[in-house]
Amino acid sequence: MIMMKNSKFLINAGIGFTILIVIWQFIAEVGGYESALFPPPSKVWEGILTLISDGTLLTHLQVSLSRFITGYLSAVIVAIALGLILGRIPLLWGVIDPIVQVLRPVSPIAWSPFIVLWFGIGDIPAIVIIFIAAFFPVLLSTVSAVRKVENTYIKVAQNFGIKKLELLRKIILPAVFPYIANGLHIAVGTAWIFLVSGEMVGSQSGLGYLIVDARNSMRLDLVMAGIIFIGIAGLILDKLVGLFESWINRIWGRQSA
Amino acid sequence: NGSEEEKSGGNEKRTIKIGYLPITHAVPLFVEKELGKYENFDLELIKFGSWTELSDALNTGRIDGASMLITLAMKAKEQGIDVNAVALGHRDGNVVVVSKDISNVADLKGKSFAIPHKFSTQNVLLYQLLKQNGLKYEDVNVVELPPAEMPAALSEGRISGYVVAEPFGAVSVSLEKGKVLYQDKDIWENSIDCSLVLRSEFIEKEKELAQEFVNYYIEAGHFAEQKDAQVKDMLLNYMKVDQNVLDLSLEWISYDDLKINREDYEELASNLVEMGLFESPPAYEDFVDHSLIEKAK
Amino acid sequence: MVLEQPAMIQVRQVSKNYKKNNQDIQVLKDITFTVQKGEIISILGESGCGKSTLLNIIGGFEKATGGDVLLDGSKVNEPNRKCIMLFQNYGLLPWRTVLKNVELGLEKNIKNRKERKERALNYIQLVGLSGKENMFPHELSGGMQQRVGIARALAIQPELILLDEPFAALDTFNRYYLQNELLRIQEQEKTTMILVTHDIDEAIYLSDRIFIMHQNPGRIHREIKIHLTKPRDRSDGDFQHYRNIIFKEFHFNRPGNLLEFNI
Amino acid sequence: MIMMKNSKFLINAGIGFTILIVIWQFIAEVGGYESALFPPPSKVWEGILTLISDGTLLTHLQVSLSRFITGYLSAVIVAIALGLILGRIPLLWGVIDPIVQVLRPVSPIAWSPFIVLWFGIGDIPAIVIIFIAAFFPVLLSTVSAVRKVENTYIKVAQNFGIKKLELLRKIILPAVFPYIANGLHIAVGTAWIFLVSGEMVGSQSGLGYLIVDARNSMRLDLVMAGIIFIGIAGLILDKLVGLFESWINRIWGRQSA
Amino acid sequence: MVLEQPAMIQVRQVSKNYKKNNQDIQVLKDITFTVQKGEIISILGESGCGKSTLLNIIGGFEKATGGDVLLDGSKVNEPNRKCIMLFQNYGLLPWRTVLKNVELGLEKNIKNRKERKERALNYIQLVGLSGKENMFPHELSGGMQQRVGIARALAIQPELILLDEPFAALDTFNRYYLQNELLRIQEQEKTTMILVTHDIDEAIYLSDRIFIMHQNPGRIHREIKIHLTKPRDRSDGDFQHYRNIIFKEFHFNRPGNLLEFNI
């Protein structure tokens, strides 16, 4: 069943990308762009092969992934824990909410002078930026889910004398998980998007750096190759979150959508 | 990467961290690192994606120094950050590149023209160029663009010209999308642009290391001036460009005299004030520290 | 129903107001009744007459505006394990299996896993769900889900079970089955029950006494004692007698004049 | 009622920001940072006043807002229209979906070399980046909402002979709106976040430029002021989308949440 | 029920299979019956026996695996305006007011706004909702919502109305009111109706004939003609007679042996 679904997805993806590449080639030819300025598919393909074969890709990918995982996981854990608590204390959330709402629309990149000040250059700023990007979506979806937890569950818990931490762990967390999962997906997207930006801040490695460096070297074929890698890796990360989600749902007995 | 293990003390060698952008203006740094003659320290060159990020790192003390636009360092000094320029990165090496349909400066009137940064020598060069040709700065629509985007913008006719560090000028020329209208020395003899800037605390507290570092820097400048195959090989480890673009870029630049002369500096400073970019640029004595380069001779 | 025996539940002059658009709306007014140990009591009334509110006050989930509720002689202030509520939508935790749902109330007091599991399985068997203990609620039909709810409530051996339209979401057939089940179990466990419903047959079939509620404000209009031995026959003549009494109470046998009702 | 809610929000916001400012001042003092590197609240306050009084703020804010509105509105309209159609044609969506999934995780900034190539400098690149940022969340939420439209509505439409465009307009669009609204909120956030980045690509104006320019001039107090403006403006934009949402919901008879 | 008159609906040998995990499951098997103009027919059966599937096939919403359905002698292939379905969850469009909901089916054929509105208001009055035409569905009680559904169906004057457990979500009291309403309206409009339900009283109260369905696979087990004049009295002896027949059909009067049923 899952196999079938996957093979169908692959066929569709194949058709989709073939069409895309044809259009791309067409634009490159008809537009008459200099190939240094708008590389045709063939050149990008060569670029991809070079990046793979000389190991550049693997190095940068590893670095990016390990930063991403660190930043994302810590953001998710902190945000869920905070969200569970804040969601149950409306008065405190009332005070914190306006701050969050003002901070959230600010691009993590805007903070970069301060991030450099506090966290220096290298891995940490990129991780911090991913943290910021992932933190708010998860926090907000957790808080709003906690505040909407079906009243029946709370009543059942009261009825059986389940309180405080036990209430959070046994009732609230599993009850809100399906709604948090949505936040997790949004966060994985946003955080991955900001990786590129994060790795522009004085990083010496990572996919974002790969792109910036290629751009500064006027190698737009490599920029395009980097974009493709980022896209694919982002897609895979999203699918991984999806797998985690359906794993939890299986343990916690939800029907898969 | 690896900004971590900072002060491991003991017998460990001190690592000096120097920031750079992959441009021909930082060539002495690349050569110094490649020659690797220094003994009492390790040299780590840290590549940045833009001037802004580089100066953030320098200002907050995450790196000990950088090869950077001298004007940015002056700005930092003006804001109270303790940095000193100790040597130039290069002489000349900026070209004004324009599209094919521009044949003289007057043609630029009303057109868009790109510079890499508001606080840059390139901006001053543009200002002077316009002034010398009887135009006002406002006659041109000046835009700040990341250097890497300039050749594309020129090629698509989004801008009519640009002045920027190399190799981005040579790219347009070799793609035959643009031509050289002026070299910088035709506009302003002895313009000063990128410099080696060090944090003052580094110069003061680790005088000997700083001295050794600058010694080899100057030596590297002389070595680079040969512009032979060996030098080009070294550069290609830091900037990925086509051979012919590199050749063209190197034609326009020199590395053998890296002193920051007072009169050149003061001309720069007065221009900056005139352009309204600075109120009180740091005085030559406060900002330029020539003690190191003098001893290096 | 001997007078000397103190009543298990005493509802005394309970009234309840809600604020709505700055207006006080009286939902319950002066509700008073007592329930003896082992009785099944039904509260029958139209939608919105305040049945759920009353049940919530008895269970301690809501505070009364006036009056109080005594359970075994002591005042009810908050939800407690002596008095378990059964919900119309079953109130099961969808992320727990049948077994884990039934164990929910036991986790506090029985730390020994094996013992806890045994006790839970016992009650799962009692409601006829043996073999389904590892299924999740969504894999069960509505009827089975409510059985799990009943097993969970019984497992902690409460003195009182409150049922808020427990079978309303089931189809007629399943409803009949479960009513029978409930009677069988109650006979065995002797648990006291207060049932809220709008189903006339259900009230007659299950209860020892029926309180008929009227609305605006919600109040108890009449008490009907059902003098039939259990199990009862739904198509029996005596059963029809009580149906008729209640139909008259709600003016249902003369279809003509119905539109006067405010629906 | 709404008045009461707003005044409560304002009181909470007041408390929240007071606490925030106290912490900020505390860090500035205890951390002993150079005020050029980490400006204390008082200095930022001065900066804010200067920006307001000399009109800089108003100019840049206007520019940013007009770009934002152009980019956001066109993204929303295109994405909803496309989403309604694609959601009803599962086969086509099957082919497009993989492409979207690969493009979505790529930061709009990574495209900037190509954006400059095609759209030049000035307003358009910033608008394009906002467009990209807003487009995907709205498209994805529309498609997924269309595919989940309650079957009863479709059946009712079939029963009364409502088909094709009429079906989209009369049934699908109003049915999915509450779910699209969620996408609109996410999009307004993402797009506004990317404004900063967008206005770094060859723009000479706008709030993003204000920040970059302040950063280039090493005026971190103005950077912080810019961050505050961006945050507040982002918050207001989000509330505006919320107002639009509840206006539509009132017209279309939904209960407000 | 004169044989010469051609039947309005002919259901001929209809069967339906579903694929589930690569297995064919037969849900309906050889269903055959006819309905005359003006009749009210009930299909009574347990949950999952295939009642909704059958109704969907008659309405053209699903294709039969075998057999066919004729409406006025011509084959039903897709949903059409001659035959309107009424849903348990009312099927109203929540973003349209009562008036706009009722107008939905008229927008195609009556372009004149005023005329359309008049026609809609007419039917809103018929179901007793005059004055509520500018309210949204969520502002109405369940009973009123189903009235809107009825008005919307009647407004386009279909030949047949299909009702899928139309009153199952209402409480007993509202259900009674609406059953009366439905009879009154049907008497006036003479619309043919096929009703699916699991409520025995409802089937007896409304229908001219009741088809009892059994499951696995769904089939019509028995047809019961109700020879009572309408309006009927729910507490009447004759009414009880039919109740008894159906109870026996489903083995409900002897509570003892219920657990054998597969629930």
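A, B, C, D and E label the chains in the order they appear, each numbered from 1.
Assume contacts are C-beta pairs under 8 Å (C-beta built on N, C-alpha and C of every residue); 3 or more make two chains touch, one makes a residue touch a chain.
If you're wondering where the values come from, they're calculated on a predicted model, not measured in any experiment.
Looking at subunit A and subunit D, the chains in contact with each of them are B. Compared on C-beta pairs in contact, A-B and A-C come out with A-B as the pair having more. With centres set at the average Cα position, the gap from subunit D to subunit E is 48 Å.
One inter-chain figure worth recording: subunit B and subunit E are separated by 84 Å, centre to centre, where each centre is the mean of the chain's CA atoms.
Our note on geometry: subunit C versus subunit D, Cα centroid distance of 50 Å, whole angstroms. Of all residues in subunit A, those that touch two or more other chains are 37, 113, 117, 215. Multi-chain contact residues, meaning those touching two or more other chains, occur in subunit B at positions 56, 60, 146, 148, 152, 155-156. Across the assembly, subunit E contributes no residue in contact with two or more other chains. Pairwise chain contacts present here: A-B, A-C, A-D, B-D, C-E, D-E [touch as defined].
By the touch rule above, subunit E contacts subunit D in their complex via residues 59, 61, 78-81, 84-85, 87, 89, 91, 93-97, 104-105, 108, 136-139, 156. Touching subunit E in their complex are the following residues of subunit D: 152-153, 155-156, 158-162, 170-171, 174-175, 177, 251-255. On the side of subunit A, the complex with subunit D involves touching residues 8-9, 12-13, 15-17, 19-20, 33, 37-38, 94-99, 101-111, 113-114, 117, 186, 189-190, 192-197, 208, 211, 215, 220, 223, 226-228, 230-235, 237-238. The touching residues of subunit E, when paired with subunit C in their complex, are 46-47, 128, 141, 143-144, 168, 171-174, 176-177, 180-181, 183, 198-200, 231-235, 240, 243-244, 247, 250, 252-253, 255-256, 258-259, 261, 263. Of all the residues in subunit D, the ones that touch subunit B in their complex are 34-37, 112-113, 116-118, 120-122, 201-202, 204, 212-213, 215-219.
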